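Order as written gives the chain letters A, B, C, D, E, F, G and H; numbering starts at 1 within each chain.
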């Protein structure tokens, strides 16, 4: 049984590659999806495709319309969602994607450091499982195959 | 036609009373719901009802289980959701509630200051309408009755 | 049994008042919803609430974001949708609202002149009933109460 | 990841072949569906299968019943919908298909010329992304694979 | 707690009045809906509203389009469906309404004479409860209030 | 694009083989499902698996519980439903399966002889397409591939 | 805001009256539903309405068909479900009702003694809130109104 | 046609292997899913992945969060659910999984010994088919392929 896993969360560290490599090491038949990891491309894709916009508000809106379409397509193809929060940044996209997953009845694994227990308590309570490391998230998925 | 409006967002300012007073002034037949605004009560409701928990993690989880039930009941009764973001705090709950509203096909009005355009661009793009003030949010709802 | 009826369609003639008066004459317990009938207000509501926009594209988008929220709220409250097409104008909104009604499993009565049989044939085939006059549409609804 | 794309819109120009050729040039693993492009066949399929009808109204209804079944099957198999509007024709089918896609939660890319900004503003606001050329629509889809 | 009950089934006997009178006698707070019981009106309503049709096929189709809209509105308002089969007539409408109720997750009480056990066995197995008399059907509903 | 087609309807003639052979002749990539065609097996499968039942009522109920499970599994796998009515028999199962298909939003092709126009008018009006022969039903499906 | 609360669980103690009295004492605008509390009536309702059955298996099946219809109607009317497990009895009905509530997205409060922590751990994890007493369950609901 | 079958029920006997071997003997193209059958692993998986928990309550909750995610993924992939009850143990998980299957519209085969007729009567009434042995359950599935 092959499963698709959407990796929601910040794009400032290399955590997605870490997940993918560990999945290969564990020989798990997983396909991973996720947001655009090239931050600059993600921010300018609106103007790249739609042309120059009047100001930053519309530049951001144009980019996010395309990123949101991308997320919708990939989320709908996914069986499980992992949402990772780091200690920096607002990461509202991660919260939005995680909540969308829960509302669509897609199992959610939340990865967050101990320091974020309090601000993420409601999401943690709604998630299927909350862990602190990417390793733990993959162990949860590996357990499905045991 | 009476409408129920869920007021998602931070509980550190008095913005919900402002909304309610302005709705009365405009004679709009609205009923407002929202999260527990007594912050201390919201944080300790878990231990208040379930008893002492082993540590802060479980204290937070107990509280959020009850707050999440509350939100689920009230959100399901609502016709429209207003989600307000301020400049402070992580406000992940606001993002989660807003995303839940969108996924449940409930119309969403996002209220956020200009300074948050960039970090909230994806949510803004998915929201029905994005405004900067509570007044504008109410004008949008008032327009339904015109 | 009271029913809510959404009156989708062009706003250039007085057909909605005609519907309402005839419903009163027939003593039907109907509440009617519909789009903003003040055309100028409908077009400028975006800038009225959100402020000046960079150009006509964004002016139109701002207005339609608020009109779409309005339609979504009212359509969700409706039990039946009447969609009226006249001989003039593109009336794509009417087509969009009618299709939304069908996909949401809301019964649809299509009102269109004989001259539009060919271009509206697919919508007509999907509608519950297709008639040529507002009188006929109301007779269909009156029949529910017989 | 292979994706199915439904190409809603007018059948008077060769734009679907243009889309398909460009997808091949970009090596995108897409399968394209769309309405019957042989206009004459589309109009007479009702009588071809069901036999002569009493008049044009019923001839059109017979044809559209079969075309609507075709659209329903193909739309349900699709992951993304592109809806293209040209400057001519009423194109209500395109509006109906686009609205059905949105209501079914299928991502929608709207392609329309600058001249149609005003009449298509509500659909544009509801679409995930609005572009002016087929090239741009394909770039949006290509971005999913980047 | 008031409940709406749709009374699907043949319109050749007076069974619906029997149901209504017994509900009043039992003081059950029920509102009853059902198909048009005036058979002649039901058959000619299409031509009454839409005008003369080319032949019996289209006369029947016109009438059923209006009767189907009526059924859809009333079924969507109902909490429980009673479907009664008599020994005569094909009664395919009754079967269609009963199956629609089941698929929409509306509780179904099937009323059929012993002689129809075999031909109705699949519907009976899918129904919540199968009884032989209208009295029994009402006793089932009365039990909800005990 | 391969499609699954459920063939609802009477099992007293060889019409399903006719459909299958014609689909092969037309080289249509269709997989066909349908009810148990061995009538005797269908009637006794309950007692075959569950053992002797107290009387015919329970014998029929046992058989139909297993036939209903079979139908539910196969209907859920199907993209299109063809429902054929012949001139004999009550065929309530066919009506039930056809209505289930419509309510589940599965495209429905109704095949019925001219003599059944009146008793099947409501189902015909709700079906996507109504034809009189199996050949016509297959032509409708073949048209999807043109 | 009035709420409907379904009280799933054993019928051997008087806990439902306790809940109702405490709700009145707290002045909570709640309406309570629940299974038939007259155990003997619940077991014999099948034969009471449908007549004598061949043996206990069918007697039980007849009774449960009517009790299940009752539960389905009342559960669909409910906003919140409280499921109480005692130390005795299998109480599979309670587990079934609780799981149905969760799958239908109805908020669930689980009440169970400490001794049942282990066997009910999966249900507890899926419930919104787990408490040990009826008092606590009502406090959770009272909190919605604070 | 390949089908996925989820085997809900107790993990204290070897019944799942029996099912699998018999499916192979019958050459049925079935893939089987089910809960973690290593009881010890199932109970300690929470602490294995998440680390030591404060007490048994939280140890159980941690384990069940991971087991519930596993069940949700596998249940969503399944076409049919078999739920087996033995004479020992509370087996509330089995009841929960069976009810979830029914609410998700997945066909359910209940396997239970004669001694459990009374306590499982409501679930039996809601199940598609109730049998007493694993052999019978497989015969029901085999019948789909006949």
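Here, a residue touches a chain if its C-beta (ideal position, glycine included) is under 8 Å from a C-beta of that chain, and two chains touch if they have at least 3 such contacts.
Since we're looking at a predicted model, the values are computed, not measured.
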Mutual neighbours - chains that touch chain C and chain E alike: D
From chain G, the most remote chain by mean C-alpha position: D
Interface numbering overlap (same over half, different under half) for chain G and chain H: same
Interchain centroid distance [CA atoms averaged], chain C/chain H, Å: 50
Inter-chain centre distance, chain E versus chain F - centres from mean C-alpha coordinates, in Å: 23
Centre-to-centre distance between chain E and chain D (centres being mean Cα positions), rounded to whole Å: 40
Chain F: positions in contact with at least two other chains: 65, 68
Touching pairs - complete list by chain label: A-B, A-C, A-D, A-H, B-C, B-G, B-H, C-D, C-E, D-E, D-F, E-F, E-G, F-G, F-H, G-H
Partner chain A, residues of chain D touching it in the complex: 1, 3, 79-80, 105, 107, 109, 128-129, 131, 136, 139-140, 143-144, 146
Complex contact set, residues of chain F against chain G: 54-55, 58
Contact footprint of chain F on chain D as seen in their complex: 31, 33, 36, 38, 41, 45, 48-50, 65-66, 68-70, 72-74, 76-77
Chain B residues touching chain A - in the complex, by the definition given at the top: 56-57, 60-61, 63-65, 67-68, 71, 89-93, 95-100, 102-104, 117-126
